[in-house]
Each structure stands twice: as structure tokens, then as C-alpha cells.
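Written below as C-alpha cells is the structure these notes are about.
In order of appearance the chains are A, B, C, D and E, and numbering begins at 1 in each one.
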Amino acid sequence: EKLIIGLASEPTAIDPHYHNLGPNNALSRHIFDRLINQDEKQRLKPGLATSWKPIDDLTWEFKLRPGVKYHDGSEFNADDVVCSFKRAPDVPNSPSSFATYTKGKTVVKVDNLTVHFKTAQPYPLMGNDVSTVPIVSDSAGCNAATEDYNSGKAAIGTGPFKFVSYKPGESIVLSRNDNYWGDKPVWTELHLRSIKSGPSRVAALLAGDVDMIAGVPTTDIETLKSNKKLQLSQGVSNRVIYLHLDQFRENSPFVKANGGGEIKNPLLDVRVRKAISMAINRDAIVDRVMEGVAIKAGQLLPEGFFGVSSKLEPVAYDPKGAKGLLAAAGYPDGFEMTIHSPNDRYINDAKIAEAIGQMLTRIGIKTAVETMPRSVYFSRASKGAKGLPEFSFILVGWGAGSGEASSPLKSLIHTYDKSKGFGSSNRGRYSDPAVDAVIEEALRTVDDAKRQDLLAKATEMAIENVAIIPTHFQVNTWAAKKGLKYIARTDEYTLAIGVLKE
Amino acid sequence: MTEVVQQDLASERQVQTIDSETPFKRFVSEFFDSKTASVALFILLSIIILAVIAPWITPQDPYDLAQVDVLDGRQPPGAEAFSGYTMWLGSDGAGRDLYSGILYGLRISLSVGVMSGFIALLIGMAVGLLAAYAGGRAENVIMRVVDLQLSFPAALVALMLIAILGKGVDKIILALVVAQWAYYARTVRASALVERNKEYVEAAACLGISHARIIFRHIMPNCLAPLIVVGTVQTAHAISLEATLSFLGVGMPQTSPSLGVLIANGFEYMLSGRYWISVFPGIALLVTVVSINLVGDHLRDVLNPRISTGGGKAK
Amino acid sequence: MPNTLEVSGLKTHFLMRAGVAKAVDGVDFSIAKGEVMGLVGESGSGKSITGFSIIGLIDPPGRIVEGSIKFQGEELVGAPEERLRNLRGNRIAMIFQDPMMTLNPVLRVDTQMIEALKAHQNIGKKEAWTKARDTLGMVGIPAPDERMRAYPHQLSGGMRQRVAIAIAFLNEPDLIIADEPTTALDVTIQGQIIHEAQNLCRRTGASLIWITHDLAVVAGIADHISVMYAGKIVEQGNIDDVIDRPAHPYTVGLLGSVPSANNRGQRLYQIAGMTPNILALPKGCSFKERCDRRTKTCEVSPEAVERNHRTFRCHHPYFEEVEV
Amino acid sequence: MSVFIIRRLLQAALIVFIMSLIVFFGVNVIGDPVYMLVSPDADQADIEKAIERLGLNLPIYEQYFKFLNGAWQGDLGDSFVFGEPALKLILHHMPATFELAFTALAMAIVIGIPLGLYSGLYPEQKISKGIMAGSILGFSLPTFWVGLMLIMLFAVMLGWLPSTGRGDTAKLFGLQTSLFTLDGLSHVILPALNLALLKISLAIRLTRSGVREAMGQDYVKFARAKGLNTSRIILVHVMKNIMIPVVTVMGLEFGSLVAFSVVTESIFAWPGMGKLLIDAILQLDRPIVVAYLMIIVLFFVVINLIVDIIYSILDPRVRLQDQGA
Amino acid sequence: MSAPLLEIRNVSKRFVKKLDVAGKIAARLGANISEETVHAVDNVSMTINKGEVVGLVGESGCGKSTLGRVVAGIHNPTDGQVFFEGQDISALEGVRKREVTLAVQMIFQDPFASLNQRMRVEDIIGEAPVYHGLTTRSEKSDYVDEIMEKVGLDPSLKKRYPHQFSGGQRQRIGIARALAVKPRFLVCDEAIAALDVSIQAQVINLFMDLREEFDLTYLFISHDLSVVEHIADRVLIMYLGRVVESGITEEIFDRPVHPYTSALLAEAPRLDQRKREFAPIKGEIPSPLEPPSGCHFHPRCPHAIGDCSRQAPALEVVRRNHIAACHLRERFG
């Protein structure tokens, strides 16, 4: 049976190690397996490994699944794992490698069905990291170039689908792997088409050209819901949309006194940050801008994820209180500020920025809104003219790829530290040694319960200090023909295995 | 070209009417001969006036974030806003009153179109006149540059430029100027070449009049007619182009939307039944562009029936 | 046998926004077989429109409003278009002024000739080609085979006009209307063209209307002359009569205006004023404002009078004084 | 002729060189692609490695020289995003765009010329006025807006034609084209129509003004004086003259069709060069942008050349021969 | 003897169409292309005395206008010199240069193209005098009135634009424009060719009147022999860039020597010749790009002998006030 899916973004290669990017990772999950799979809630489930456990402080042992066959008939074994972990971080020309997950780990083959992962320090997130690296075949894939994958020559995995054809920009055709070791997919033939323009994607579904689409624009959800021929699936994602504030410059480039003069950066004052958070009407954002399809955020990950604090609630909308705080901080008449935001990255990103601009202007912080394509935005936001983040107040999002709270804590909250690789996306340069210490301790703690507490504690401390201002969690929507049901995933991936017939 | 000139002679020789009107009066009376063009001009003028007085006739300043409330968002036509006024054309996703938004958007769209057209016209005219008058190597170099520019579609040039320059009215205008000046230059050069070879230029030279004066006082006024036509068409084109760029996400900023941005934003709502967000600005754009084109079309007939042929390889 | 052409009371008007342009306003003349008539007049006097009226090529806003044109006894005014088309280029042919413009620039000479033959004769392509080539030879074009394959722009002005003449003569018409065919050419070429046209007319017995503003040219070739002014023929008659003993003050003026050896260094006779605007002609005689013989009677439009072998429209003709 | 070709080639070389300079440095100004390409999980060291891998750590002029060196050997660099040679990617997307542009051009000619002819011959008729009004609309409507309307009407509401994408392709002369399969044709109609709209208007206007001018020419009058019937006058005398501007202008417009397909392709999810370009611009995939522009320049030069040659064939007055004025 | 008002010595004017880079490359690669040179005027000398009217006659393209432009200073000669009152004009500077520029004015053929459509008559006529300080801005109006009256135009029409005038009136405006800078020498390039017969007479008369009133000298270019015969004191006949015959008018018209002159005279239609047989000379004027060798006229000449195709005849005196360039001048002279 044939299934045609309209994707919102286009995979850029068949090579699973080439570009560590959402759409590519989603695609590679069809053809390739990982040692550990993430389920729809990003919980770790056995994949090509049947079990994994730390055998000492520095070694994890993985038992491999016996009897798994590649699409070309060859057998899966420990050699494939070793060579895959060698290839993944080092594909030529790759703009975004898997080194993030493989570094610091040595993979040792013990026997045909056992491998050891060794690290220099205790490493609790071994499972999460390993779950991101696709396994390719030693014989067909490890020495192949990206082009060989795209042409199909090397596109040989153990996954539920087999490669049929790839026309860049147009479509990817896969067929069912009838020898799959796990649950076999319902679909014998799978077409993945990318239709970037939201309305066009919806139109394609309405016209019956595709069976299912990902990334339903929020504006259309209401109408599609009332359409009898369609069925929607929704689920909260691991992505939090938040505001980063300049907390390291005495004079912030985009914060000005009323009338445009220089002032000492008010964002350094925690009362001002709190006021901003209180001025944001999260309900309005969710209801009006997101058309109800989002969840108010009070911390880094939505409920149910590992490392989430049960104590934190979204900050309540309180413009009066906000004004009071501003006055207390010495800004009774507010100041001027620019919010920068991408306009093609997150769901309704520019509109949210505009709404926030409106809300802040109302409590006296006259906020200009500047949106730009992500191509311009990210390099300026991360590294402006002087190698420092250029903006003062930005809207960004963070999806926790590992599915637990250390990911945002380490990248967004921890002090920017190039040598240790911490705070790489800390574009406000928030820095609190106390929080840093808790995060680092969590990252050394292999015990799950203890780690959960440490992560929650770090989150609470950061939110208390208004290191960042979370606004909401994205909710993703898929729409399909009646009779099809998609199991919504927190990682935002669109996977054909998740499409079920009712 | 010479044929055209000969024809001019032939046709003019027959019109031996000695009327006492000035060329301008004659032009005006001929222009208003066409009902469609008169109506179009009337509409266009009304649009311009509305755009100019927008701040005094709109309930909201859609560019002032303090006046725009997301809670007013996506209201259908006729709904009442929180601040009490009626949004006759509804509101967009950010809570902008569309009536106000359209009039303000018109201001931007028109000024982008007119400004870019005007600057491009000035540049193009100077370059074209210079090329035609100087001749020889200078002309060759200039015209190669013009060719280079023309060999790229305006849309592509503008797209690339804005990607490089970033957003903002000034940048859009700059991009549109770069995309358009060559059209003017070519037009001016073509007519200046014809004019330069006319005997009145020789007469002026014979009378010892300086080159600059010959170029600007004698040749230039005679090249204006086709320029005006190209100017109207290009202005309409610039307005459309700005809308298209906005659609592609590289146009005007989100918070000071031009018509194009309004349409592009509303575009997302097309399938959701909230037609007004995109349709009303769309109609405004359409009416503006159509009436400019109608006026330009008729100007073409009145000012110079022959440049419309696009003769030879002209576009 | 009827005259080849009899035109009487012909009025061709252009109805325009600014008024009615009476381009041709009551023209009568006739041409016998083999006769050459010169039609002279200044620019805008209606010569060309007379020619186009005869051949039936008046386009809106112009219209023949009155009068009759009898070609070999057949009435052409009001005749069905198909009939006119049959006559055009077949029995009546026309040659235009500007040889640059009359030939289609993108079609080869042979195409343009053969189509003229095929439009009127059931004739094979080969035969048509041969005939076309022979006709080219007849108008004095050297190496006609080669010229057949040429495009108009590859020919000089004189050559082009010869081709146009050849096309006009292809179907051996009975009447040829030549509308200033030599005005744009040099004297030596003009001589050549007149020479060819004269020869061919004589050979085929065709009648010829030669339209020009150059009296000297008409003097050289015509049997008859008609002088047009503001849409009317003000004087017509035998060539010698009219040129040697003009009756109408306008004719007198025209003849006096021509510079020549006889009046070297002297002031020329000059007609006062300028050629009139046919949209705003004065009442009565349209020449009266430029005429130094005008009297009260000129307020009434003069009828055509026939006297002394000629017809004229004037209340005060010159020859009366001379003769009386 | 040879002068002509040489002149064009010289021009092309110059333009390509200048373009490469502008684009190379221009794109560099926009921003650093790495920050958009890297996974958010990447830390500072990973980012630096990626920069190095893409060769972006070198000073920009060195990058440019490297690029020139490669370009000289036909290597325009590898796409940052796709990791494959930019040239290969563009060539891969080219047939789709060309087939779209061709279809649009054909539509413009097949629809535009007859309509223009009619309205030029009978300018006073109601139908002609309607045609002219339509052509003004065609000029004025923004392409993207029309595109969505077409989808709404023909795909969503009527369900007659598919909304997006390219249909089945078949091989012809070694090229994949969708013009010879039923499914492919049904896919190409809407986007091509969308793209053609402007050009139809243009064809109408060109033809009309050409007809109007030609009809007033002496050679038409002379043709009538020869006693030719109306159809021959129109089809041979008038049409042949009009074809000169129409064909040349339409030929040149083919270039702008290709360029304008950017908009249409993104609406109809048409897998062509335009979409590739706009994505590349949005992702700062500099090798693709540079390669695209260079190929387009080349393509324009070729089109210009072809148009000139056609022009000289159609109009015997223009000769591209080396000798003679 | 005082110097003639104007003298030109061995003046040549060539128009060269140069090859561009592409052309040069193609030529290198063996394409059959080269620069094209038009010898528009080829080694012409003449003198014009004060008060004289010199007629210049020849067929289209023979270089009449080019010569006229050289004289008027619009073109610089490729070779040779132009003297005004004995001074080489190329060597003049400053005030004197302007004086000479203004002293030689030109009247053009086309009464439409020669007037700037966008200027009022007043400005057309008054621009140069104001520009050169011959009058002031405030007195311009009177100045223009005066000149308009001189050329027979109603000064009350001075606010009008050229298109509101008839051809003859326009030509008068052109003449007024030239007269406004008080010239002493007028080059009239086919100045009456585009006018109707009755208007031609008016303008010719005007020229003759002005000549007397302002003591003007004319170079009168025309292809119409009867006009030249009527107005000129001396005549130059040109053929393909060269002067083939020149002399006082009666001489040339009554006793032409050069076969080309004879042919021209024979072809010119005259009122007193009725129903004549035209027996034209054969052929057409050759392309100035590749003029025939020797005597340019030899391919069309009914009397051509062997020498004619080999050697260009020089201008030699035939009689007093009459020179011709023909190998056979003895026979015809």
C-alpha cells in the first residue's frame, strides 16, 4: 500500500551521517536503525542493541540484536557499529557532524554481538547519545561517499524501509523492508515529498495529492479540524520558545534610554527581567498567535520529560506588577529596546515577536521588532561583528534532542565556556557559578533519580534568576486523510512507521 | 530608427492645423479623451490622497505597537476592537486594523514605487543621455553595463540585493533602483540617439551653445515622453515587485507592513476562511497597480504612439 | 468605347474629432485609353486621396461620401469589396511615393511579385516566376534573376521603385495611378523611372495618372493636367494650354513660383499666405485669401466652367484678359 | 556572425567574472552559514570544526581564489547543505525549470499572439477591449497571489488538476521530462499557466501594437493595392513583420521566465532551479548561489545569441555577417 | 587683393567605422572584416568671396551636407584647412573663435527636425543671443520681435511652439534663429527642399532680401538645379565626394564640360519641355564605401575611355571662371 507524505522541510541527503539536521535524521530513521531508538516521547527503547548498561564508571556495554539483516542481505554485527561511530563524526563537507555525540567515546568490539563504549569520565547520557547515531553497514556504507548514498548505491541499512529513488527537491521513494526485525510497517511504498510553503502543503492535502502532511500551519488547524475527510494529530514537542536577554554588557547595543540615549543595561537587573516576564501575556500568545496550539511555558521542557521541575509554573500575566517592578528598578518610564527574531524558523516566530513587542510597549518598554531570515539571524545572534552576540533581546527556540533537561541547561544556561563546550548557545551570556556547579554535577551523575533532582534544581535556580524567559512549548500538528492516524512525536519527526491505519 | 523619423515627418506634415494650444494643453485634452484612463487617473489620485492623509482618517496607527493588540487579531470585517472603534475590514493576525493597515501600507508601497522609480529615472536618464551624447567608447562601456544589468531579471537582482542588504524601506528602494535604472537608461539612450541626430542639435552646436546646455536644455526635454511612460509602468512594476519580495520573505519589515507584507501575511490565512486578511490588501494593490498601468498605457498612446511597439529587441 | 476612367462629383471626407476634413471635395475628370494625366497640387491638396478613392482604399475615418467613379463604364463607388479587390492590382494598379516603405521589408522580391500574379490569375508558380522575372527585365533592372531573390533592403531606392513599377505592370492593367513615384529620388534616377513608366504605358496601352507636385515633371510627360487645390480641381486641360496660358490665379502663381534661368537673380512671383487647413476652409473660393484678384463674388464658391478647351473654377480667370 | 559570437562570449566572460565577485563577497556579507547549519547541540569546538570543513576559516579573498581556481576547472564548489557539487545539483534541477518555462512560453505564444492579433485588427470591438483589459490585469496581478488562486480553484475546489509537485517523467533524448506523460502534463499545467500569465499579456500587447503599426504601413497598403485578399495580407505581410519583435522579445523573456520561476516554484513545490536558489539564499549556501548565477548568466548570453540569430533570420535587414554595413 | 571671406583648402572628411575588440579578435582569427571608411568629402578646395552666393549641387550622398557641415564648423575636417577671413579656424581661440563660430550659421533642410519641439519660438530665436551676450534677458523680447519681423513672421506668435506653424513659417523661424547671432555667412543645406512650391518661392525671395539687407554670403546646397541656377553666382558640382566641375553659373549651365554635369542638366525636367523622351544616363551613384577607381563617374559615363578607370582627373581650368575634372575636357570644353 502506498503512502504519500508532504514534508515541511527537505532532507538534504540520504547519507545518514552527512548533516545532523532534523529532516535528515527523520529520513534516516526510515532506512537506518540506531542501537537505541527513541519512541514518540523520546524515551529510549531497544533498537539494534537489545540491552545496554554501565559495567563500570567509564564503560558501557551494549548487547547487539542477533539475526538482523541489511537490505542487501548481509548480516549486522559489531563491526558495523565500530565503523559507523568512526564515520559519523567525519563525513567530508558535512556542515553539521555527529561529533557532538561521538566525541569522548571509544568504541571497542568485544565479540560479534557485544561492544563497549569507553569514556574518560562517568557519562550518564550514553544512551541518549548513542540513540542519535545511525548504523550503516561495514561493507556497503562505511567507506562510501555522500554521493553514493544519494544515488542509492550505499543507501543500505537495516531499517523498516528500503531506498528506491531520490530526486533532490522533488521526492524520495522508499519501499517496505519485508525482512525487518521489528514491527513491520503497514506501507509497502512510501513517497516523501517536500512542500515548503504552508498553504501549498495544505492545498496538496485538500486536493488529495498527498495522504498526510507535517507542519500544519496554525492558521489552518481550525478549518482542517472541521473537515470531515481529514484527521489531525497533535502533540507537544520538546521545543521551548524563549527569550534571551543580554546579561553581560554594561551598555547593550539595542537597549536605549527613552529618546535614544545611552543607558546602563537595565537587563542586568533581575527586577527588570522579571518585569518583562510578567508583562508577557502567555495566554494571549497561545490563544491568539498560536491559535490555541501551544502550551504556556514556565521552564525548559514540558511536563513529563526527564529533569523537569514539578515546582515551576508559567509566570502569570501581571502588567501592573511589571510596571511596579520596573519603577522599583529605576525605570518608571521604561526604556527603549529592540527584539530580534527569525521569521522562518519557528512556528509563527515573527508574529510572536510582534506580540511581545506590543506587550512590552504597553508597560513602557518601547520595543521595536526586527525580524529576519534565519540565515542572517543566527550568525548575528551568535556571533556579531565583534565575535559576541550582537543583539540585546532575542526570541529563540530550543529543542532538546536528547529528550531530557541537561540539553538546554548545558547549552543555554551554563556559563559560556569554550574550552569545556558549555553555554554554546548561551546568547545572553547569563552566568551563575552556582547553577553551573549543579549542572556539571548532574552531568557526572549516572544515577537517574539523583540526576533528575539535580536537573530540576538547576532549572529552578535559573528560572528564579530569569536566566531566560520561556514563553511556550510548541505543539506540532499533522493532518492526514480520514482513516490514517499519526502518533505525534515530541521530537517533531515525521516517521512513516508512526502512520497507522484505523 | 530612420524609418521612424521619416514616418514622423510624413504624418506630421499632414497635420497642418495651426492650433493655438500649448503642447501640454493638447496632451491633457487628448488624455482625457479616454474614459477608462480618466477614471483610472481619478482612482489613482484618490488612492494617493487617501494614502497621504491616512494618519488623519484611520482609527489606528498600525505601526505603533502600543496601538496594536494581538487580542484584536483575526477579527472579521465589522468587528469591534478593544479600544472601541469598528474594524470595517477586519484585522490581521497581529491585531492590526486592516483599513488602517491598508492605507498605511499604500503609503509605503506607493512611496517605495515612486521613490525607486524616480531615483532610477534620474540615474538612468543621466547615464542614457551621457551615453547617447558622448558616443564612442564611453557609450560602449555604459551600454555594456546596461546590458549586464538588463540581462538579469529585476526580480532576481532585487532578491539578491535585499538578501545582502537586509530589510528596510531604504534598502528596498535601493534594490529596486538597482534593478530598474537600466530600463530608463536604455529608453533614454534610444530616444536621445534619435534626438542627437536631429538638426536642431546641430543648429545649437552651430550657435556655439555648450554641450551641457545642449544635453539638458535641448535633448533632455525631448526624451521625457517615453521616459514618463516607462516610468509609470516601472512604478507599477516596482510596487508589484515589492509585494513579491515581501511574499518571498525579504520585503518590508513585519511591523511596518506594506501592502505586499499584508497580502503575504494574509496568504497564510487563505485556506482558513479568513479571506479578508489577504483579499482586502490584495484588492487595494490590484486597484492601484491596474490604475497606474491604465494611466501609463494611455500615456503611451498619447505621448508617443510608436514606442509601444517595443521595436526590434526592446522589451 | 467608354473612357478608361470617369470621375464625377467625387467627395471623400474624413470624419474626425476636430471636424470633417474634406480631402477631396468635388472632383471631376476623365481619362481616355492610353492617356497620361498629370495631377498636380501642393501638399495636402488631396491628390493621394483622389488616387486611393479610385482604387477603393479609403480607410475609416475616411469615406467616399458622394460622386461616381466609372472604370470602363463600371461604377466603382459602392461596388462590393470583392469586386474591387479583383480590379486592384489587376485592372487598376498603383505605385506609391516612398520606395523604402512600399515593399514589405521581410519578403523577397519574388514572393511579392508572384503573389500579385497569383491573386488574379490561375497560374503555376513556375510560370508566375518567369513572368515576374521578365517584367523585372522590362523595367530595366539588370540581372533580374538575381534581383528576384533579393530582399528590398538590398536594392537601392531607384531599384525598389522599379520593382514597384514592375509589380504594377505585372497584370497589364488598364489604368495606373502613380503617386509621386519619383519625389524621393535623384534627378538622374527620376529620369530613368519616368523613362520606364512611359515605355511600359505605351507598350501596354495603359492609361496613367501621374500625381506630383512638380509642374516641370508633369510638363514633360502628361497629355492632360489637373491642378488641385484644397480638395478641388481648380483647373484642368491640355498640358500646353494650361502651362502656357494658365487661367486660374493659383496655376498662374504656381508657374510663377518656379525658379528658372529666365528669372535668374530676380525675385520670384510668390503666392501670398500659406496652404490652407482643409479643416477650416474659408467660405466661397478656397483660394480667395491668397489671391490678388479676389472680389466680393469670390464669397461664392465658383463652379467649374469649361471654356477654351479647359475647365476651371474661378470667377476671375486670367486668360479672359489676355484674350479679350 | 563570428564577430557577434565573439562579442557575446567576451561579454559573457566579463559578466560571469563580475557576477562571481559580487555574489561571492555579497553572500559573505549576509552572514555565516555555519550557525544555521550546525545542529543546536553542537558546542563551540564542533562549530569551529564545521567552519574549517567548509573552508570558511580562510580569509575571504583566499576563498575566492580557491573558487576561481576550481571554477577554471569546471568545479564551482560543493554545496554546503547538500555536500554535492553545486554544478551537478543545478544541472539536476534544470530540466524541471526549463520544462516549466518552455510550457509557459508556449502558452504565451499560443494564447497571446492570436488574441493580440484579433485586438490589433479590430481595436474598436468590445472583445478587443476586453482582451486589453485582461492583459492589463495580467500585468498587474502579483504572481504569487494568482498561483494560490489557481491551486484553490483547480486543485482544491474543482479537483481537476494536481496542486503541487512534478508528475511522472519520461526520458526523452536523455533528459527526464514530464511533458510526455499524462500525469506529468497535468502537473505542469497550473504552474506553467501561473508563470505564463505575465507573458501572455506581454505577447498580446506586443502583437497588438505590432499589428496596429503594420496595418498603417505603406507596404500593407501596397499589398492591398495589389489586390491580395485579407487573409494573405494578415498572415503573410503583417504576421511576418510582427513576428520579429514578438519572437525576439519572447525569446528574451524566456530568460526572465526561468528567473521568475523562483516564485512559482515555491508555491507549486516544483523541483526546479528557482526553488533550489531561494532555498540556497535562505540557507546561505553560497556555492549554489554563485553557481546558479553564473549558469544563469551564461544561459542569458546564449539566449541573447540565439535571439540575435533568430532575429537576423526573421529580419533580412539585419545581417550578422562580418562584412558590409 | 583682400582674403576671401571663406576658403577651404584640400579638405577631406572621412567617416571611419572602427572595429571593436570583438571585431579585432575576429579579424585576427581570419574573419573577413575590416574597418569601413566613407570618403564623404575628398580633397575639396574652394573660395567664397564676400557677398557671393555659391551653389553646391550633386546627387544624394555625394557629400554636400558633409562639406556644408565642415564649413559651418560642425564637423572638423579629417584633412585640410578652413580659413575664415584668411585665418585658419582650427587655430582660433577664445573670443575670436566664438566670433567666427557665430559668423557662420547653417539653415537646415527639415523644418521639423531643425526646431526643438519643446521650446517656444521666442526661446529658439533668443537663446543664443542671450547666451552669447548679444542681448540681455530683459531685452530679449524686443530683440526677437525685431528679427521675426525681418524674416516676415508676426512677432505676436513668439510664444507659440514650432508645431503650431506651417512648414514655410518654420523655415523662417530657422532663418531667424541663425540671423539672431548676426552671421555673415550662411550655409543653406537643402533649405527649401521640403517646402511646397508656392512656399519655396517665398523662402527663396526671403534669402535674396536678406542677402541685400545684411550683406550675407551664402553656400547654397541643393539638388534642385533650377533653384541653384536661379540664385547662385557660382556653382560647384559634386560627385562622390569630389568636385567635378565648378564655375560661374551661366558658364556651367550653358556650356557644361563634365559629362556628369551634362547628364544632370539633361535630366532636370523643365516647364518648357513637353512630352519629352527621357533618355537617362545609366546606372546609379555607387556606394561611397567602395568608390570606383580613377574617375568616379567612369562606370556611368557614356564617353569613358581607358584612362578614366585608371586615373582620377584633376580639376583644371577650362575657361575663365570654369574648371572641370575630366580627361576629355578638351573634347567637351
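Just so we're on the same page, contacts are C-beta pairs under 8 Å (C-beta built on N, C-alpha and C of every residue); 3 or more make two chains touch, one makes a residue touch a chain.
Please read all numbers here as calculations on a predicted model, not as lab measurements.
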Chain hops separating subunit D from subunit A, counting only touching neighbours: 1
Centroid-based (C-alpha) most distant chain relative to subunit E: A
Far-end chain from subunit C, centres as C-alpha averages: A
Between the pairs C-E and A-B, the one where more C-beta pairs touch: C-E
Subunit D-subunit E separation of Cα centroids, rounded to whole Å: 53
Separation of mean Cα positions, subunit D and subunit B [Å, integer]: 23
Whole-Å gap separating subunit B and subunit C, where each centre is the average of the chain's CA atoms: 50
Set of subunit E residues in contact with two or more other chains: 20, 166-167
Residues of subunit A engaged with two or more neighbouring chains: 199, 203, 206, 344, 373, 375-376
Sequence positions of subunit C contacting 2 or more other chains: 43, 98, 101, 275
Contact set on subunit B toward subunit D in their complex: 144, 147-148, 151-153, 155-156, 159-160, 163-164, 236, 240, 243-244, 247-249, 260, 263-264, 267, 270-271, 278, 282, 285-286, 289-290, 293-294, 297, 306, 308-315
Partner subunit D, residues of subunit C touching it in the complex: 55, 57, 85-90, 93-94, 96, 98, 101-108, 115-116, 119-120, 151, 153-154, 164, 167
Subunit B to subunit E touching residues, read off their complex: 5, 8-9, 12-13, 16, 18-23, 140, 198-200, 202-209, 213, 217-218, 221-222
Residues of subunit D that touch subunit A when the two form their complex: 30-47, 49-50, 53-54, 78, 80-84, 89, 92-93, 96, 148, 151-152, 155-156, 159, 162-166, 266-269, 271-272, 275-276, 279, 281-284
Residues of subunit A that touch subunit D when the two form their complex: 6, 10, 12-13, 15, 18-21, 91-97, 99-101, 146-147, 150, 167-171, 193-197, 199-201, 203-204, 206-209, 344, 373-383, 398-399, 401-402, 407, 411, 418, 421-422, 424-425
